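What follows are several structures.
Both of the next two complexes hold chain A, though its partner changes from chain B to chain C.
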Partner chain A sequence: MKLELGKVFIEDVQFGESTHLDGRILVIDHAELLEAVSGDEHLWKIRVDLAHPGESVRITPVKDVIEPRVKVKGHGGIFPGMLSKVDTVGNGRTHAMKNVAVVTAGKVVGFQEGIIDMSGIGADYTPFSKTHNVVITAEPKAGIKPHDHEAALRTLGLKAAAYLGQAVKDVEPDEIKTYETLAPREAAQLYPELPRVGYVYMLQTQGLLHDTYVYGVDAKKIVPTIMYPTEIMDGAIVSGNCVSACDKNPTYVHLNNPIIEDLYEEHGKTLNFMGVIITNENVTLADKERSSNWTAKLTEFLGLDGAIVSQEGFGNPDTDLIMNCRKIEEKGIKTVIVTDEYAGRDGASQSLADADPKANAVITNGNANEVIVLPPMNRLIGTTAYVDSCAGGFDGSLRSDGSIEVEIQAITGATNETGFVHLSADAY
Partner chain B sequence: MVKEIERFGLPVVHVCTVVPISMTVGANRIVPAVAIPHPFGNPALDVKEEKALRRKLVEKAMKALQTEIETQTVIE
Partner chain C sequence: MMVVTNNPLVRERLPEEMNLLWVDGGYEDVIVAVRNRVHRGHRLLTHPLAGSVKPYETPYRTIFLSDEATDLHHPSLSVLEQAMALLNAFKGKAGGLNSLRTYRDEHLPDLQLVDYGLVETVIQQQPTMHQSLEQLLREE
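Entry: the complex of A and B
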């Protein structure tokens, strides 16, 4: 399967008469965008705000971050099974609007975190302070059930990203990159001298605000399966989770997964990238055992020599991570695991809830318990009403001057476990 | 907490969903629970069924508490 990804680099975003590109400035017709995303019976008071890099703006609680994309050639449309029909995507040509993100924000249930600061020290911890953000908030109608509320907000963001993506459909991209993955038999013959490497992509699947969707299917209901990496670039995997926002994968990260990018970069040079195995992180032991058994079985089935395993979240998914690692290693296949740490505020505690001697190659994306003080911002999109009770927050987190003392786990993407961040750690 | 109470001399049963973590942290008597969001119950069952499930789990834990063990043991 072969995908050409055309990137259009946007320099600014403004509201204007009609939605189009003026050179490399995205002009958005505010009324037309609202029209495109409205229609859900559960939501009202939909609001669109712009937040630019360097501005004194805080966005919280963040639900999802999505890159606008559009299918130009090939089967199906963007976000199959969610917005488009369930055609298998990942071939042909897709255009991506770079430097722009749709951010959905607002409370869904109980306490909820996810902070994006567009300037100040907090901006260094989130990749989404560098994008021009089209922030969408909406009020739920009275009596809405939490699951319906989550689904409505999730769809709202996807619709906005698909709508904005249309603006780059007929634009000549600044850069075109071609990604190709062959079926296993041909792929293995392609570079017989290079090690065959696969990517085990663990998806958070633990319930409301902890779910992920694959072609529209709630991933807690799947058994592990194999995907072409380019399917994921066309939005086959969509986020429905945002709790402890530092190490959750917003849809933006699924679309731009850096492990997939890097494996393609090394494909044919140092390794033979065979494809992606997706698996879940469920809440019963039987599910964890079954999924890790299947993941290990599929690494063997693909004839891999090595696998990179990335986690999403922390706590009990540490066990899924370690089970995957141990069972794949027991097949004689080398693993590298990619995670983050909850090592306490002083960094001295055990980093993961589970461990195994076979997990001897580990990449960390930082300690989520590190405390940070976020300075006050001039403009707030959303609400800071829940900061004291969010994951990583504590009584008194929100100070009277508007500054926030909080663990970095509250910051969207701060310790992302696909490496979509700047934090890491060295061993001494 | 399991280890600290045992250090004090009282036997402990750790009822928990993710048995491998319980093994890693060094619990001695482990009884597998139902699921992470609801270790001691199952909201999918009706009231009567769930009460029976809960009672069974507590009785199993009580029995485990009285079981002589030599090493870390999972009591199914």
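Entry: the complex of A and C
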């Protein structure tokens, strides 16, 4: 499976007459965008705002962030099973609109979260302060159930990203990168001297506001399976996860997963990247046992020497993470886990809810309980009415001058467990 | 299957054939009630912690246990003790989870719905599935 990913770098986004590229400026026809995303029976008032890097703008509560992409050659279309048919994607050519993101925002249930500040200290904690954001907020019709509201908002975001992606379909990309993964037999022969490494990609799958979709299938209903990494670059995995802003994987992160990027970068140099095993994070212990058994089985099936396991979220998924690690290690396969920490505001408490001596190679993406003060912003997209009650907020978080004292877990992407973050460690 | 909960929505929607253990209290009271059952030989069927929703972000918790009590099931105890340790780590200086509380009373119906959403798939499974879950545990 081979995918050419063409990147088109955008320097500004503006509203204008028709949706097109004017040099490096994306011009959006406001009415046409609304037309492209509207039609859902559950929503009535849809609003589109622009937010640029460096502006004094706060966006909250954020639901999903999505990169506009378009399929240029090859099977299927972007976001298979959600917007496009269920053809197997990941081959041919896809164009990605870089430096631009669709952000969906709005209230689904009473407790809400997800803050993106486009400037100030908060901007340092979210990767989505560096993108030109096309922010879509939508009011639900009266009486709509939260399940339907979440689904409608999720689809709205995907439609907007697919619509904007069309603008780079016939454009010659600034950069083309080719990613190729062979079937296991050929792949193993390709670099026989290099260690065979796979990626175990854990997906949050716990119910309302905690779900992830694979080719349109609710991932809590799958058993772990193998994917070509390029399928994921074409939107085969989509986020329906609105919980825990700092360490959920927005669709943008699925599309741009840095572990997959880095494994491809090292492919043929220091390792042989064999593919991705996706697995879920379910509620029952029997599901956790079954899925981790299958994950370990598939690492063996692929003949791996090493595995990288990334988590999504916190709490009972810590147990999935540790089960995966222990069972893969027991197959004799060296395992590295990638997670984040809830170690209390002083950082002194135990970081994960589970542990095992076999988890002896751990990468952390930061302590989600760390407290910061976000300065007031001149413009607000969405509402701060929920800041006190968002994850990481507390009574009194929102101060009268508009500044917010919160744990960084309230910030979208602050401690993302695939490493799609700006935080790093200092040695003293 | 025994359902330990303090969530009124779970109580309202629970099928009749499932055994309800109602806890009139908070998140920690549910965990303690479950721990007491595990000490008596009941086994955990669902993880005591929620996914991503922290113990101070909701007052509601629903946990499934085996109806049958046997000898002390060490894996259940171990998972539970880890959850208790985490709960204690989140307590403020005053010793209560409330010092970090982030929810408001007007959000309680939504928080009930989210807790119910976590266990909805288990509740909706056919009674035969519940039996087989317990059967699987007995045969371990």
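Convention: the second predicted complex is superposed on the first by the 423 of 428 C-alpha atoms of A that agree within 3 Å, B and C clash if a C-alpha of one lies under 4 Å from a C-alpha of the other, contacts with A are read in each partner's own complex, and residues count from 1 in each chain.
Here is the rule we use: a contact is a pair of C-beta atoms (placed from the backbone, for glycine too) under 8 Å apart; a residue touches a chain by one contact, two chains touch by 3 or more.
Here the structure is a predicted model, which means the values were calculated and not measured.
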More chain A residues in contact - chain B or chain C: C
Which of chain B and chain C A:Q206 touches, first, second, both or neither: both
First, second, both or neither for A:G122, with chain B first and chain C second: neither
Touching partner for A:G74 - first (chain B), second (chain C), both, neither: neither
Partner chain(s) touched by A:D354 [first = chain B, second = chain C, both, neither]: both
Chain B versus chain C as contact partner of A:M323, first or second or both or neither: first
Touched partner set for A:L285, first chain B, second chain C, both or neither: both
Residues of chain A contacting chain B in one complex and chain C in the other: 206-207, 283-285, 288, 316, 318-319, 353-355
In the complex with chain A, residue positions of chain B that touch it: 17-21, 24, 32, 34-37
Partner chain C, residues of chain A touching it in the complex: 109-111, 146, 204, 206-210, 220, 243-244, 247-248, 281, 283-286, 288, 313-319, 342, 344, 349-350, 353-355, 388-395
Contact set on chain A toward chain B in their complex: 206-207, 283-285, 288, 316, 318-319, 322-323, 353-355
For the chain C and chain A complex, residues of the former touching the latter: 44-54, 57-58, 64, 79, 82-83, 85-86, 89-90, 100-104, 106-107, 109-111, 113-114, 117-122, 133, 136-137
